[in-house]
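What follows is subunit A paired twice: with subunit B in the first complex and subunit C in the second.
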Partner chain A sequence: MTERALYRTQPRTLRALTVLAGVGAILFLVGLLVDSHRAWAGYLIGFHYVVGLALAGPLFIAVLALSGARWADAAAPVPRLMAQRLPLAFGLGLILCLGIPSLYEWSHSAQVAQDPLLQHKAPWLNTGGFIVRLLLYFLAWYLATRLLLRRSQGGTRGALLRASALFMLVFAVGYSLASVDWIESLDPHWFSTIFALYILAGLGVSGLACAILIFIGLRRAGSLGPGRHVELLDDLGKIAIGLTLFWAYIWYCQYMLIWYTDMPEETPWYVLRLRGTWQSLTPACLVLNWAIPFLALMLRRLRRSEAAMARIAIVMLIGHGLDLYLLISPTAHPSDPLIGPWELGPILLCLSLFTLALLRGLERRPAELSG
Partner chain B sequence: MSTDSAAVPLITGGKTPADVTRDVCTPLERRPTALWWLGMLIAVTALGIGVASISYQIMVGIGTWGLNRTVGWGFDITNFVFWVGIGHAGTLISAVLLLFRQKWRTSINRSAEAMTIFAVICAALFPLIHMGRPWLAYWVFPYPNPRGPLWVNFRSALLWDVFAISTYFTISLVFWYVGLIPDLATVRDRATGRWRKRIFGTLSLGWSGTARNWSRYETACVLLAALATPLVVSVHSVVSSDFATAVIPGWHATLFPPYFVIGAIFSGFAMVLTLMLVARKVMNFEDYITRKHIEAICKVLVFTGTIVGLAYATEFFMSWYSGSGYERFVFLNRVAGPFSAAFGVMVLCNVITPQLLWFRAVRNNLLVVFIISLMVNLGMWFERFVIIVTSLSRDFLPSSWSGYVPTWIEVGALVGSFGLFFTCFLLFCRFVPAISMFEVKGVLEHKHSEEGA
Partner chain C sequence: MGRRLHVGTFDDAHQLLDAVHACREQGIEIVDVISPFPVHGLDEAMGIRPSRLPWVTLVAGATGLSLGLWFQYWASATNWPIDVGGRPFDSLPAFIVIGFEMTILFAGLATVAALFLRSRLCPWRRLRPGLERTTDDELLLVVRETDARFVPGTHSALLREHGAHAVHEEVEE
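Right after this comes the complex of A and B.
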């Protein structure tokens, strides 16, 4: 790999993104004063979005290594680039800790005192535990990712396989528990054993969509070197079919089983989300995350067109945003779905910071990106 | 799932295409070996035990089983779920791995698909005999009938099973048969006897091996693979709904569908491994089912086994986190209750021993691998037993709690299902090319230019 940067962003673009991040930050700060519940809910959406994209990087590297796949070698810089955003996600996570009182009912001792169920869960759901676990998750993910990135650059295949397997274990256990901490415990009375898998499916869909966009961007900039890029795009499209289908399958499993048994400890989650205006968002979520990408990707012509794939990826990313919104916001404002500056501000902040970091990552350390 | 070192060939022994045809077809054309007869003797004996047990049960009634008013499902449904699960590896290997272009599937897909079909037959047997009056089994199908308002209940997961399993069986059978056609034609072309030629000629549907034949054929295979792929997930998801749509603690968990699917793949691959380790010895297929295949299956096992372990852990964590006293009790009862031994076997065989497969030394020791594969089979049977029986025997009302001890008739039926499975499998090895010759020829090293038959 030459020392030339993989990609040079126009200074204009960087400035625009910095301005967007600044606007997001200001809106977030104002939002905290005006309606802290909504601002923190928005922040959690943005944070969770970024964590997912960052973790998708090492996940893809590990899965490709373990399955002995070589078809994506030409796109090797893409997941590495995403993986290097993990420290940013960690930084955002530290800020999240400040939002615990606004987001989580279980952090209020007065509420816990009069709720036996919250008392039962208090050994797990408490502010100190939340922060310590958040630190542990990120520490474990960071160390495992660093090892994986090193091993995937040099060293034996055996060492790479061991690092991949280690990452998979650390990721699977950590992300399952984190999904309980960060999202499932927003409604601390509710539980679902499939929940972590649902969150994981969302990570897969959004991470792949992001990877497809980066891949197309790098290809257009001529940064990827020779390779059968159309074939690769086609294969990414096929994987995307599988992942959207997986997401829909997990969505259906949870919904169908809770609807079917109709048990009072489980249904409130859906009752809240299928009431009033919220009701229209669930079908929209299914259409964006599953129907549109699934049907569009069935067409070989579209899978092999960069313009079409970029659009499909954007639909998937918007769908994932809506999915997170439906997971997080109903607890912040149950009566009606609200989307305004107080949600959009922090989401904008997190996503533009992520994009900025991605673009800067492309310029700074090209050697580290080669697979 | 691995092409560790692309340099190591999948098929060893420097085989030419002609060698492949000869090695695979010879066992079909000569008299069976003594080892085959011995295997057949054992399998048919087991089948006989099953036929006797089931006949007795049908004559006398379901009372010959150890079921009672509390534990309404025992060995029967455990066996059903176990056998359906076994089938999954066949479909996964032939359909999903075909779509993923995994070349190592070629030596084992044929027999794994056959295994699927036989396993589904064994599975279907148990709900059938559980009906008590199996001659009325056709009542499960929805069709206009003279039985007044008697009609199937579309809201019941048990009816979904009927559709899921019959679809699965049909597609698997078609897929397997279509996969056989070019090889049946090869057998036809080698046949000497008149009847043999005629039978295989009919079965191979006039295959002539032209470019047009092959082009159509490959399209058909990919389409069938795409059709079969959803079945890998759907069938066991539906089977899991038999439990998850109930409100019994330990049964109602939203995780059940994917958890059952991954368990099915786990147990199915264990059975594939068991069968392949035996087949390569008995049928002299050591050059076709190589260490590389065994290694790949072992990796699938350690991967799926770890996910199964994670699923167990999730269930335990959630039984506490849910704050539901019933859930917590059921899971503690699994660990320390009357069926704790079954739970111990399940954890030991499904979670702990497969972890040994992380080590290359273990994966290369075929005896140890064989033992581990048997243990996984055992453990996955016990997993279903634990789920079904512990939850039923201790439900909400302590006054209705009860135990469960299987009778010899139930054990006989289980033994019989193994007999049926192995009888079918041995007949398959005897009469049909057990390795997909035309696909194996495609992954041979291209050192030899000689044309095969």
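Right after this comes the complex of A and C.
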């Protein structure tokens, strides 16, 4: 095992990221005083973004192991690096618990008292339950991820397969429930049985885009072992086509069923997002998350170019941010879309902490990254 | 008069790739490679142009999508408008599923048809005797003997040197 760091970040970059995180933190704190609804909505976007990126790491490891794939072996450090960010996501989750009263209608006993539906849902949707479940999700994910990371570094193939299967189970159940807790319950009167799958599709798209960026960065730094890196990039691009298509498919499945049945308890969610100024953001979300990456990735020339793939990945990451914004913010300020310092501050805080931890992770424990 | 072909039989894809590279370096003309599975990097090594099949898929898919959307629009908004729960007759969300299916149907059938036509495959075509193992675990590299570089034995020696366990000669028809 080598102890040489895979990549050394310029101290300047680390300082810049620290400053960005500090600015984000200050904007978040000021935002809490000025307009706590918007600040917490922004924080939830940033938190959910980071959780998705961190969980995508073990998810990719488990999927590759279960399907017996060897094509991505040269990129093995990438998902490991993402997986190690789970404790950071947990830390952000603990802070989120402070925002429950600002974010979730069901946490106010006065409102629950006048609302039979909220009373009916109270055994699940209550502050204590929310916090306990959040702790349980992260505990289960962390233990399953740790086991998976160990098994993928040595030991028998059978043990790796068992650890992968265990992670998939823990992840699928936990992430489905978490998507209901954290996002769907923002509007506790609304429900959609496909919602968890939609959130999962977003995790896949953003996680893969992040993995592509890390892969390109490590390859440019010459940190990856020998391998057919262009072929690997091409293959990552092909999977990205599939995942963006999957995301769009699930988006449309949810929309089409609600549009067709036209039930008064289901439509308000879309009515809010397709009226007023919100109306233009929904097509923009589809263009960024699906149309641009889907069409661009069809061209083999672009899939095999690092510069083009990095740009496509950035479009996908911005698209995912907009996707989360459209999921979360309309309930915080239904009248019109607002994107200002109070949203951007906490998002900046979470994402720059994640990037900082990613770069630090490359230096600190290089032995844990090798596949 | 036909020229002679040398057919090398390989068990290992890496050795086959080496042999292909060596032939290209020596200026030996590669007629074809027959393999039961896709070999990574073989197309580049043989210097084959990228396949034009995706364009058939794209054009057929776009045709299917347009036809599907147009027919539904014509049927439900022009020819026989029916009020379904007060929705507009030309409701795009309702047309997407069938448009999507038509895209896949046209693209899939056209791709298979184009592949069969281009490679002259058809259900009643029989495999040449002696090539049965090329659909199982055997890889063949076929090179042509050219007059300019004719030294007897060069071709088969080169193939053997790169791991061919058998080389036989055939006269081109």
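What to note about this one:
The rule is simple: the second predicted complex is superposed on the first by the 370 of 371 C-alpha atoms of A that agree within 3 Å, B and C clash if a C-alpha of one lies under 4 Å from a C-alpha of the other, contacts with A are read in each partner's own complex, and residues count from 1 in each chain.
To be clear about the criterion, a contact is a pair of C-beta atoms (placed from the backbone, for glycine too) under 8 Å apart; a residue touches a chain by one contact, two chains touch by 3 or more.
The structure displayed is predicted, hence computed values, not measured ones.
When both complexes are superposed on subunit A, subunit B and subunit C end up clashing with one another. In the superposition on chain A, A:Arg157 contacts subunit B only, with no contact to subunit C. By the document's definition of touching, of the two partners only subunit B reaches A:Thr193; subunit C does not. Counting the residues of subunit A that each partner touches, subunit B and subunit C differ, and the larger count belongs to B.
Look at A:Gly68: by the touch rule set out above, it reaches subunit B but stays clear of subunit C. Judged by the touch definition given at the top, the superposed model places A:Leu117 against subunit B, while subunit C stays out of reach. Once the two complexes are laid over each other on the shared chain, residue contacts for A:Ala172 go to subunit B alone; subunit C is not touched. When the shared chain is aligned, subunit B and subunit C each come close enough to touch A:Tyr260.
In the superposition on chain A, contact is made by A:Val180 with subunit B only, not with subunit C.
The interface of subunit A with subunit B overlaps its interface with subunit C at residues 260.
Residue ranges of subunit A in contact with subunit B, taken from their complex: 66-68, 70, 117, 120-121, 124, 157, 165, 169, 172-173, 176, 180, 189, 191-197, 249-250, 253-254, 257-258, 260-261, 263, 265.
Of all residues in subunit C, those touching subunit A in their complex are 40-41, 50, 54, 58, 85, 93-94, 96-97. Within the complex, the subunit A residues that touch subunit C are 228, 231, 252, 255-256, 259-260, 262, 298, 300. Touching subunit A in their complex are the following residues of subunit B: 1-5, 233, 237, 241, 244-247, 252-258, 299, 303, 306-307, 310, 314-315, 318, 321-324, 358.
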